[in-house]
Amino acid sequence: MKRSILALLAAATALAGTALAADDKIKVGALRFTSHSASFIAFEKGYFKEAGLDVEFVYFQASAPMAVAIASGDIDYGVTAITGGLINLADKDAIKIVGGALHEEEGIDGSAILVSDAAFKDGVTSPAKLAGRSFGMTQTGSSFHYMASRIAEKEGFPISELKLKPLQKVGAIIGAIKSGQIDAWAIVPHIAKALAKGGAVHIIGWVNDYAPDYQVTTVFTSAENAANKRDLTERFLAAFSRGAADFNAALVDKTAGEDVAEETVKLIHKYVYTSRPYEKAAPSIRNGAMRLNEGAKLNLSSVQAQLDWFKAEGLVKGEIGIDKLVDGSYVETY
Amino acid sequence: MELRLAGLHHGYGDIEVLRGIDLDFPAGRIVCVVGPSGCGKSTMLRLIGGLERPERGEVVQTGEPPPGCLNPLTYIFQDFALLPWRTVEGNVRLVLEDHGFGRAEIAGIVDDVLTRTRLSEFRAAFPRQLSGGMKQRVAVARALAVSPAFLLMDEPLSALDAQTRELLLDDLVDLWARERFSAVYVTHNLREAVRLGHRVVVLSRRPGTVREVLKIDLPLDARAAHAGELETHRSRLWRLLRDEAQAADLELVDG
Amino acid sequence: MAERGDGGRPVAFRGGGFSPRPLGIVGPLVFLAVIAVWEAGCRAGLIPPLVLPAPSEALAALAHLVETGLLWQHLGASLQRLVLGWTCGTLLGIAVGFSIGLFSLARAGLAPVVAAIFPIPKIALLPLFVVWFGIGEGSKVATILFGTFFPTVVATYGGVDNVDRSLIRMGQSFGLSWLSIVRKIILPGALPAILPGFRISAAIAIVLLVAAEMIGAEFGVGAYILLAGSLMALDELLAGVAILSVMGLTVNWLIARTERFLLRWRT
């Protein structure tokens, strides 16, 4: 009897403790892209709140600064592509990848390979004919650079046959390919489809054929958080996964029905393409729906392949191993 | 060659500077022009040399300039106007370069005038290395290089200290004795005027009119020895000028 | 104050100071001391490599550039853009500056345009240059050209305005031709204002180099720095910045030599 009362008391205090404890304040880095929807949905639907997380979004223009912001402690969690900068920061024990987000999947429209109208008319109608052509990217060592190298490898010509043009910003690349100043590019489907519709560019292939199951973006945090704030990180990943699951159901697998899909697009529109009216934004958001990893699973072999490529290109130095880049203890890896 | 001013009239905006000037400048003589400050002496000189256009009246040139004359009306400025980036030699060469001479011809003329003004050993010096007196001698050499018919001298000694002025004055007397040049010599210094002028023109205060033309017959090279006579001329000029100068001094600068 | 035997005392010295003497050795010493402290801090672990890599690491990155010959490729590409852009910008700037200084119509028409465009950061116009001149060398040279053009125009016409008018009158009084007056009096007279303008425009050109090489540059010191930045390779970043700094110092030295030669007539 006494013992059970004590147990009850303990349970009550524990409950009260949970209820009274203030939520953990965390800052999450995001780009205003559809691929970041898992975070937006988790926030809007209160999944973060339920996990005891008080989330504040910090917006970035590109992936690279987000990695730096994690390293400097300005933000706690981020979702972005694996870049040379990110790997080098991991090498300095500043950050760790803890989960997966966006990835290419067979059967779902992923990143498309584009050519300018001029190049298309000049006979570049398939990725095999890209040798000797110029290819746009934001920076050396960006995901665009990686995709270009995959295409070259599979088509059997050396990457040096592609004239890679670093143009810093996605907007600059769009301008350059539209005006025919560069010949080719590879980009997420909603941008690719919107451009192709205008007739200024043509889709000549899909990245998934060259980099199957490509782990495009990952969830990452500071090495400190990964090692010492296990509980916080687990709660974040759990809430993030619920957001990802909702996104997949609504817009990728389309199993949740049209009403839910519409509702989800509306929700995402609060964050993405905010300057455009809903009617114009909705198709772009739907077009951009690529699979987000279920349960934030991480395709370790794709990460390994990317790491190997960065090393082979001399973009990251030293003997950084996959263990230093990835903390695989949080999510299922494959 | 001679110069004559006929009914010369000039002003700037509302301010009348010169009124009805009629004057003759004979060949081979130095005519000094004196007057209170602001009476239009320098303006008159600019009109004579064609650097400004008179409002009314004209500057007439009679007779031909002597053969070999490159620039009949040649100025010597108060501030010397030497190009600081050219050497003594370069400054003299500047005024010969536009006349289609060959290298050797120019070098010949430069050598000649530098010898005449005793500047040969300073030919490679830049103006900043020279004293004020030396700079003005370079300016004289440059003027002589173009064999002028008339030298138009605008207070050429005013920027120099008293001793240098004295030395240069002697130099000019010597030079005139040798070259017999014609000149219009504007100054506010009456001692200079009576030492150098065959005639001294006295202008009234603004608007400048000719008050008197004083003739001094004493030969230039004899004047140093006749200090007494010169002093008489000087004090006579000063009496003429004093009231004008005083009145001019009391005027507000902006009129 | 000590009384003297005669009851007088020396007047106290109140002058001196306010005239810094050149102490040639101090500058390099401070430089070396900062680097030594920095290196020691890194070795002792007081400065984490994430915050600032050691000078020796930057030096190693530089050595790597030299060994692989990449240094010359980067330098060559950058210098070509700099020299071309700066030379064209400067020549055009001097020509326009002279027109503004000499002709009333050019002054009335061009001076306000120059004043309006001068303060625009040329980096902001980069996208326009890309559209006009392409992502090749054209836009890079154009960026540097535009950057150097405006300060040169302003320095030149300021210089022309400041040429001693009495010298020009002297030239006219000796019957010099218009062209002779411009060439022999106005040009050398404006030079003391134009040459310091060169220092400014050369510094601007180097600053703009990094911006110019943002667009589609494979080689170039600016491209190298940008890549190092995006890869968070801080040692390479510092090596690149050091190269830029040395370029700046070299250009400054060259201009100082030119100035000393061309303006040797000044005190």
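Note that the chains are named A, B and C in the order they appear, and that numbering of residues resets to 1 at the start of each chain.
The rule is short, and it goes like this: contacts are C-beta pairs under 8 Å (C-beta built on N, C-alpha and C of every residue); 3 or more make two chains touch, one makes a residue touch a chain.
The model shown is predicted, which means the values in this text are computed figures rather than measured ones.
Number of steps on the shortest path from chain A to chain B, with steps defined by chain touch: 2.
Averaging Cα atoms per chain gives one point for each, and the point farthest from that of chain C is the centre of B. Centres computed as Cα averages put chain A at a distance of 88 Å from chain B.
Chain A and chain C have Cα centroids lying 42 Å from one another. If you average the CA atoms of chain B and of chain C, the two centres end up 47 Å from each other.
The residues of chain A never reach two or more other chains; the list is empty. By the touch rule above, chain C contacts chain A in their complex via residues 48-50, 127, 130-131, 134-135, 214-218, 223, 226-227, 230-233. Of all residues in chain A, only 64, 67-68, 71, 83-86, 88-89, 92, 94, 139-142, 164-168, 172, 175-176, 179, 181-182, 315-317 touch chain C in the complex they form. Those residues of chain B lying in contact with chain C across their complex are 49, 51, 70-71, 73-75, 77, 79, 81, 83-86, 94-95, 97-98, 126-128, 142, 146. Only residues 166-167, 169-177, 180, 184-185, 188-189, 191, 263, 265-267 of chain C touch chain B when the two sit together in their complex.
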